[in-house]
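Common to both upcoming complexes is chain A, partnered first by chain B, then by chain C.
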Partner chain A sequence: MSQSSSTGSFDVASLVEDVNLRRVAQYALVVFFLGFFLVPLETGIMTAIKTNESVARSLPFAPPVGEGFTLGNIQFALEQLSGSFFNSLIMSIPATIGSVLFGSMAAYGLTMVNWRAQMGMLMLFVVGVFVPYQAVLVPLARFWNNIFPLARMLEPMVASIPFFQGYHAELVPLVITHIAYGIPICTILFRSYYQSLPNSLVEAGKIDGASITKIYRRVILPISKPMFGVVFIYQFTQIYNEFLFAFTLVTGSDAPAAPVTLVLPAIGASTSGIDFGIRMSAAFLAAVPTLILYVAFAEQFAKGLRTEA
Partner chain B sequence: MGQIRLTDLTKRFGDTVAVDDLSLDIDDEEFLVLVGPSGCGKSTTLRMLAGLETPTSGDIYIGGDHMNYRVPQNRDIAMVFQDYALYPHMTVRQNIRFGLEEEEGYTSEERDERVVEVAETLGIADLLDRKPDELSGGQQQRVALGRAIVRDPEVFLMDEPLSNLDAKLRAEMRTELQNLQDQLAVTTVYVTHNQTEAMTMADRIAVMDDGELQQVASPFECYHEPNNLFVAEFIGEPMINLIRGTRSESTFVGEHFSYPLDADVLESVGGREDLVLGIRPEDIEVVDATTDDTAADDALGDHELRMDVTVVEPHGDQNVLHLSHPDQPSADDALQAVTAGMHLVTRGDRVTVTIPPDKIHVFDAETGTAVHNRRHDQEADFTQLEQ
Partner chain C sequence: MATHDNTEHVSDATDEAVGWESKLRYFLNSDFVRSAPYWGIPFVLMSIAVYGGIGYNFAISFTDYEGLGTPDYSTLDLEMYAQALSSDAFIAAAQNNLVLLVGFTTICLVLGLFLAILLDHGIRFSEKFQTVYLLPMSLSFVVTAQLWLWMFNVESGILNLVVTTLGFNPVDWLGNPSIALGAVIFALIWQFSGYTMVVYLAGLQSIPDDQFEAARVDGASITRTYLRIIVPQLKEASVSAAVVLMVFALKAFTFLYALVGRYRPPNGTDILATLMVRRAFKFGEWAYSAAIATMLLIMALGVIGPYLYYQYKQGSL
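So, the complex of A and B:
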């Protein structure tokens, strides 16, 4: 490909030279797929700021004009969702931290320490990754409701914590469940990272007199920061967006302890039909925490990788 | 104290025997070098000493205590790894201090003081607040050493610590390590595949091949009294010259020449038929030959032969000559000789080579064991390089 001069003069001839059918086709394909993925997003944003009338009258991806513009949908959605935001966050954040931390510890124990039956244990973890959530819903519900009603037991204690109500105790079984089902995949992710670390680090620690736990705490954990960023982002997205367990353990979207994923399907639906504007606003608002997390952690993750190198 | 005893130590990895029945005694404060080619089991032995591998059978004693079932944390040893294994997220100060945290009898301030003390000994006191990735290879190595020294252990274990350094730095560090070990008076077990390091640093060398111990002796003994062919070939650069042949009556018959054997050699050889004659390159005497071939050939003495110079390697202080037989320049029977630096020889020259009978080694061709080693005069008061 011919280089255009760097002094700023625009070389039209060389540009035209490169235009041929193949390139045009390539670019057309790229633009098409860009559109394919971005247009629904754009439509959603447009719908969120239109009145119902405007939604019915105009093209879905056209911006609202004049009277058709409103922020009322967003306001309404915010009011409806505020309680469930809180629920979602107090459920997702501890669950993510728990599963990532335990996953890292498990991966350390299975990869950097040598003991018998390690492989067997590892196989159990791998099997754990493939357990379908749908298969365990009934036993799970029975466990948390009948066999070990933790929610009911913790209700008075949770009620006494400031900012919390008694019904938030319903989220505790959900947190524990997510931690349990999140550990296998976190372990697998951390294991691949730990396999790339030199074993001599742990050996040096041993010779320095440190116990296995101390080596994890002082040597391996600090080094894992970039991986923590990655796994945290992944797990948070999984747990925050998860519907099935939430639905099973916190029954009903009208329950006060319902996370965002339960409330979303019900928003904007009434006997008179579906209010698309409200639904779209709600959907975007629900995605905001994940977006913030990506922005926050991606920077730290990249920084962590840079200092490593 | 820091004396080490290994008794019948064996390590198997599945079907492979990495270390085969190794028995070795190391004195307190001794600098022992474990040397051998890659895969000979020296690193495995070191790791078993450290507690990072469990022996399949055999016993390890450090300071008289049985160590087989003790974890590395409890063995009072320190190790310097080939890749240094510094903690990348900690500063130099924290790296060195880490091992001290588990040592009893120190207050926090005393630990800090000790770290500075060790850093000053190694000349890295101004690097204390840097991270390992900001240091050069040599500096990282000193930090690794500092980490080992600070704990004042009974034994130092070093796994090829100089192999990642450039040649000049390596030579410097060799001297420094020797001085350090002398100063600290700690038993050191040092693993390397480099025979120069072994010869220059060791109090004693333990040569290993394929899991088996070949010889444990002082550098002098390993060089001048090798136990077998392997040790003779491994120790010494350029390599010892080995000529295969058979014994006919009292003469050694090689492919291109015959060499009469002295009485004391014949006594040691006994009835053996297949022999290998060994002569170190610096023991071969080289004299320029006259241009008149046929007449000169008759004038050759018992231990002399005529050869052509094929390659000359000048080292400055010495020249390494590659010699081959005039009638058949094959690589097999070529000899290497070392002459003084001022003795200039050119490629293509014809020379008369003398193999002095008091300097030959004779090995049994089948078993490889040494049958006769050269006479050596350790009481020599002065050195005079022959011209």
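So, the complex of A and C:
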């Protein structure tokens, strides 16, 4: 700022005016896009807390007034979703932990330790990030249903665990699938971080005679805590939000083991159409876990996305 | 691997009696072997899932496998590929897919770049705004599909509210086959432009500030500075964001399914991914859908391959 006023000192007044006008236009655009990104969410929330009558009579984004306010939709949606919330969480948490741990290990083996043909192997991991999952759906369905019906094998065992039912066994193949397909992206995320670490860390450990395992446990794991945060948040969001694998392996929104994303597209629908109050309530409840994570750790989430590119 | 090493070095073991033994020991102590459990276990698990899956899918695509029962590998041919390439549904889906890929990727890149430049300089609390712009990316496609289903609603959706306020007739966004794909692209742009913005912002922040200063001293306008000096330096960010967006556009299934909650998406929005899943899981035409999936994979590789080669050449892998 000070520089521009000194270079154009004879015309300061018009310069300031110009800058201010541009500022105003810039802020106006910022606010416009704020609206663009928030209106669908705001409308959804407002619809969720309105009675059907109020939804039909008021503007979609207007807040409910007086009699038009209700928590009935949210209550109803919560009842419908509670079982699938449990399914989603007991599926997402182990799947996230598994893929993050494996990803960190693979990245360590591929980055901090030098050996030939690393690049070729890395390429296989990178391609694994981008492969369209449609290309493995038919094999996945066949593998878990016909060749290795793990869910059926585990059913009696899972049924004997407190709080669990036999059908929760269907989530075990889903967890394994998520871990396996989550490894490539986690590896790439960790690798970019490990590459930024100074080589001297591992070298110092080697000179001290520490084994590769010891270096991982004593040196790499402690300093990669922030990266574990980033990858964990990123991966949990991905797995919790995922639909296609659940759709292939659990099938059907009425299956008792269905995660939230599988149930949501069918909630509040009847022959007479969709009850949008209920549908919007369910959409918000389904989004709550990832929204909380996002609001609390927006920076980590953005970092995960940046590194992916 | 180890046994292979044995036999190779036995012949010159006359010179050094313990030659091969120490070499074996050396090999077993090498970083390659000792780090093997770290990359090996994840690699095997991932390879079975990804590459085993692709291979199996490839094999099934040559059979006539459908319905219940098991695939019969005795007669392998390209019949399913021929059948797909000559079917109208496939051609229409491929065309829609192309429109989605080009339209979605281009607009996302342009809008993301615009948002990044908008927030890059001179905005207070710029990080807070970024957080809001990126928020749709944290939502599931299933959730955003519900939100947009309501936005697109013919009687009470916001979009028709705007349209009728401007004096036009209400539009059936998802029911009119010639508009539906555009509507879907619009909703996906809403979700993804925050992502391109974040990628571009990272690129912008790596450009030193003195380039802006130098351009300013030279009397270049802000627009000119960005167009001539800054944007050309964002090539790398553009390429990597474009790859992610294009691959997404190829496989986008969830949003379309969740809009209607059934296998057939709104008329005019059927893409290869939805066609493939419908053929497989609704009609049990496993071989046919495996063939579509293989072609989808080849298209994705057509996008990723050049990108990885470029990255490798740049030494940035």
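Note that the second predicted complex is superposed on the first by the 272 of 309 C-alpha atoms of A that agree within 3 Å, B and C clash if a C-alpha of one lies under 4 Å from a C-alpha of the other, contacts with A are read in each partner's own complex, and residues count from 1 in each chain.
Throughout what follows, a residue touches a chain if its C-beta (ideal position, glycine included) is under 8 Å from a C-beta of that chain, and two chains touch if they have at least 3 such contacts.
Note that this is a predicted model, so its numbers are computed, not measured.
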For this session: Figure out whether A:122 sits in contact with chain B (first) or chain C (second), or with both, or with neither.
Result: second
For this session: Using the touch definition from the top, say if A:140 reaches chain B (first), chain C (second), both or neither.
Result: second
Exercise. First (chain B), second (chain C), both or neither: which does A:211 touch?
Worked result: both
For this session: With the two complexes superposed on chain A, say which partner A:201 touches: chain B (first), chain C (second), both, or neither.
Result: first
Exercise. Does chain B (first) or chain C (second) touch A:219, or do both, or does neither?
Worked result: first
For this session: State whether A:89 touches chain B only (first), chain C only (second), both chains, or neither.
Result: neither
Exercise. When both complexes are superposed, which of chain B and chain C contacts more residues belonging to chain A?
Worked result: C
Exercise. After lining up the shared chain so the two structures overlap, which partner does A:62 touch, if you call chain B first and chain C second: first, second, both or neither?
Worked result: neither
Exercise. Can you list the residues of chain A that meet both chain B and chain C?
Worked result: 211, 308
For this session: Mind listing the chain B positions that touch chain A in their complex?
Result: 50-52, 71-73, 77-79, 81, 83, 85-89, 98-99, 101-103, 147, 151
Seminar exercise, completed: Residue set of chain A touching chain B in the complex reads 198, 200-201, 203-211, 218-219, 222-223, 308
Problem set entry | Touching residues (chain side chain A, partner chain C) in the complex | 3-4, 7, 22-23, 26-27, 29-30, 33-34, 36-41, 43-44, 47, 55-56, 59-61, 102-103, 105-106, 108-110, 113-116, 119, 121-128, 130-143, 146, 177, 179-181, 183-184, 187, 211-212, 216, 237, 240-244, 247-248, 251, 253, 261, 264-266, 269, 274, 276, 279-280, 282-283, 286-287, 290-291, 293-294, 298, 301-302, 305-306, 308-309
Seminar exercise, completed: The residues of chain C that touch chain A in their complex are 30-32, 34-43, 45-54, 56-57, 60, 70, 115, 118-119, 122-123, 129-151, 153, 156-158, 161, 190, 194-195, 198-199, 202, 213, 216-217, 222, 237, 240-241, 243-244, 247, 250-251, 253-254, 257-258, 260-261, 272-273, 276-277, 280-281, 286, 289-290, 292-294, 296-297, 300-301, 303-304, 308, 312, 317
